[in-house]
Amino acid sequence: MKVSVCRKAHFNAAHRLYNPKWSFEKNQDVFGKCNNPSYHGHNYNLEVWVKGEIDKETGYVIDIKILKDLIKSEVEDRFDHKNLNEDTIEFKNLIPTAENMVVVIWNLIKNKLPKHLDLKVVLYETERNVVEFDGK
Amino acid sequence: MKVSVCRKAHFNAAHRLYNPKWSFEKNQDVFGKCNNPSYHGHNYNLEVWVKGEIDKETGYVIDIKILKDLIKSEVEDRFDHKNLNEDTIEFKNLIPTAENMVVVIWNLIKNKLPKHLDLKVVLYETERNVVEFDGK
Amino acid sequence: MKVSVCRKAHFNAAHRLYNPKWSFEKNQDVFGKCNNPSYHGHNYNLEVWVKGEIDKETGYVIDIKILKDLIKSEVEDRFDHKNLNEDTIEFKNLIPTAENMVVVIWNLIKNKLPKHLDLKVVLYETERNVVEFDGK
Amino acid sequence: MKVSVCRKAHFNAAHRLYNPKWSFEKNQDVFGKCNNPSYHGHNYNLEVWVKGEIDKETGYVIDIKILKDLIKSEVEDRFDHKNLNEDTIEFKNLIPTAENMVVVIWNLIKNKLPKHLDLKVVLYETERNVVEFDGK
Amino acid sequence: MKVSVCRKAHFNAAHRLYNPKWSFEKNQDVFGKCNNPSYHGHNYNLEVWVKGEIDKETGYVIDIKILKDLIKSEVEDRFDHKNLNEDTIEFKNLIPTAENMVVVIWNLIKNKLPKHLDLKVVLYETERNVVEFDGK
Amino acid sequence: MKVSVCRKAHFNAAHRLYNPKWSFEKNQDVFGKCNNPSYHGHNYNLEVWVKGEIDKETGYVIDIKILKDLIKSEVEDRFDHKNLNEDTIEFKNLIPTAENMVVVIWNLIKNKLPKHLDLKVVLYETERNVVEFDGK
């Protein structure tokens, strides 16, 4: 009998979508205004869902403070107020689409999470564009 | 390893809930004020979730513009600023409850979507009443 | 020293925007798809703001229950699940634009409100279109 | 072919997180300011999701009014404007964490729900802390 | 030429509405379930609006970090995870209605704010009940 | 008797806060991580409020489509998916703080708006940081 627990967070970052193997024209064709060479940016909203048994002593699946600190060290400190293409190793050779970002964030958190807990990450690039990844 | 991608949209429509095989009294009993013969209306909010592998070249599961255009042609152009009972063939013989609407919308989008992508549709009739369908 | 108190409410209605003195073509030109003769509809969200001195005995500007009941009798019972053009006397001869609606609602509530209280009404026709009226 | 239907609700309550088998210091260590002996409180937001086949006659999975009444009698009447630790039998011997609350609420609703319907409950303790339980 | 700048914050607290000069019955009559002697609680959301000239060197009306720290020291540290009636001197002899709370918070912040800045405070007791005070 | 009408919009942009007359250290001291030389970014949400008399023939203060087009040409086309510091003339020599941005946007719209209409602009840099300007 497992309960899911969610903590929300957010960070603000600049990025550019382009594939260095393609011409500027092909990038413009595929990525449109997201290919702006001087970058644009977003307020990213994040939901981190962790699923597991309730601990009988605490009534917690996970102490939300542990989850909050994990999100801070693995996601916010790494990406907040950064240029994803220029300032991070994760997106040096990976296009920072929302899809690639949600997989990167899932792996960063999964690596630090106790093994018995399931993980799902939801990332809002804008209020209207959302991605979700649960490792499957 | 599959990622879900969501695009949100909305449309405004009028409708009436009633079963033509029943008396006005029975309709009133089952559907209450939703049975108003001169119609009432809603701002419908829509979430269209598409699930698939990330394309290595683009970093996309699906170009969100394709999804946006699909929602426009299949849903918004069909239902926005319409009377669902009077102006649409989909609800000529089908009661436009949120449940029936979400199945209709799922089928309309599924028919135009590449076969390898999974689809889930969430429809908000009001901020407090929501329905969801994933084809299963 | 005056404090403002707000109560939120909502109602769902159908309407059509057209001026009966104009041709269908002119109405189409001015009101576009809002001129659909079979109507369309909205979830209207309402904020009713009342401003006055705090009563020393209760700590209230107005008992929020009084305000809630007033909104129910004057607005919700009158407009919820109605066709504004067909089912209401207020919009028999008045185009139910958000602007006209907010003035009508302001007057309906003002008439029943204790005289010493100021009133402001905010009406959301959609999440993106809002109107506001304070009687001045 | 099943559709999910959601009804949202909310209630306001006071609570304190502590394990009576522990010292005050250990409780302080585990629960921090949530261990305040004079209590603190929350606006809880609730989503109740019910999944089943669409009834051909009504177009409903469940009459939303039945669901609304069920939420009122089982959740709102029991917990709204209450002190969870002091005023309820459910949390006399169970720590009112969001995790324990969502399981309690799931069971209360499940007991009254027609057997053929699946149930999922989502509980927002704050805008940023959410839990979810579907009985599995 | 003045610009307004807003910072949002939130805190969670328990409270009870009652006038100690009245009988339990009269309190019940006026405050209803808010008179529960074991308390209930809320997630309070706060908007602090500060108005002034833009500083030419910084482009700021006020460094939002200063405002954030001020809200933390004057409001969050004082009221978050507290019982307003039991744990605070501000509401020892003042009924903690939203109206009284917004005036108290306005005064606490005003006292620490540079004199040339105007102040308005908005307090959400729930998503539907809001109060506002600007010192006039 | 004047009614206010609001249209909401949004745009995504990158920016950096720094004063070119200062050292990097002083900029870091004043603007912190907002001084990142490779930029960061935001989803900006915009509310444009226009106030005037209701036109008797149309029931409109302003045709919302005119307002929508004005926001598109003056704000979205200019700033959406842009680097404010690099790609715009407005912020070549002006720090793109939210305060400076709201004044720039107010002037851009005011110049194109019919003279008899009052204008107020609200700009959300994040969900928690908001600025407002009405020209006074």
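First chain written, first letter: the chains are A, B, C, D, E and F, and each begins at residue 1.
Going forward, a contact is a pair of C-beta atoms (placed from the backbone, for glycine too) under 8 Å apart; a residue touches a chain by one contact, two chains touch by 3 or more.
Quick caveat, the model's predicted, so the values are computed rather than measured.
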Review point. Just how many steps, at minimum, does a route from chain A to chain F need if it may pass only between touching chains?
Key: 1
**Study point:** Most widely separated chain from chain E, with each centre as the mean of CA atoms
**Key:** B
Study note, to complete from the structure: Among A-F, B-C or A-D, the pair repeating the C-F interface (over half the contact pairs identical) is A-D
Study note, to complete from the structure: Top of the farthest list for chain A, CA-centroid basis, is C
Review point. In angstrom, rounded to a whole number, how far apart do the mean CA points of chain C and chain D lie?
Key: 34
Check your understanding: Between chain A and chain C, what's the gap in Å when you average each chain's C-alpha atoms?
Key -> 42
Revision key, fill the gap. Taking each chain's centre as the mean of its CA atoms, chain D sits from chain E at a distance in Å of 28
Review point. Can you list the residues of chain C that touch 2 or more other chains?
Key: 127
**Study point:** Those chain pairs that satisfy the touch definition
**Key:** A-B, A-D, A-F, B-C, B-D, C-E, C-F, D-E, E-F
Check your understanding: Which bits of chain B are touching chain C when the two form their complex?
Key -> 10, 12-15, 33-34, 36, 38-43, 80-83, 86-87, 126-127
Check your understanding: Inside the complex, what are the residues of chain A that reach chain B?
Key -> 17, 19, 30-32, 94-100, 102-103, 127-133, 135-136
Point to revise | Complex interface listing, chain A residues touching chain D | key: 1-9, 47, 49, 54, 57-61, 63-65
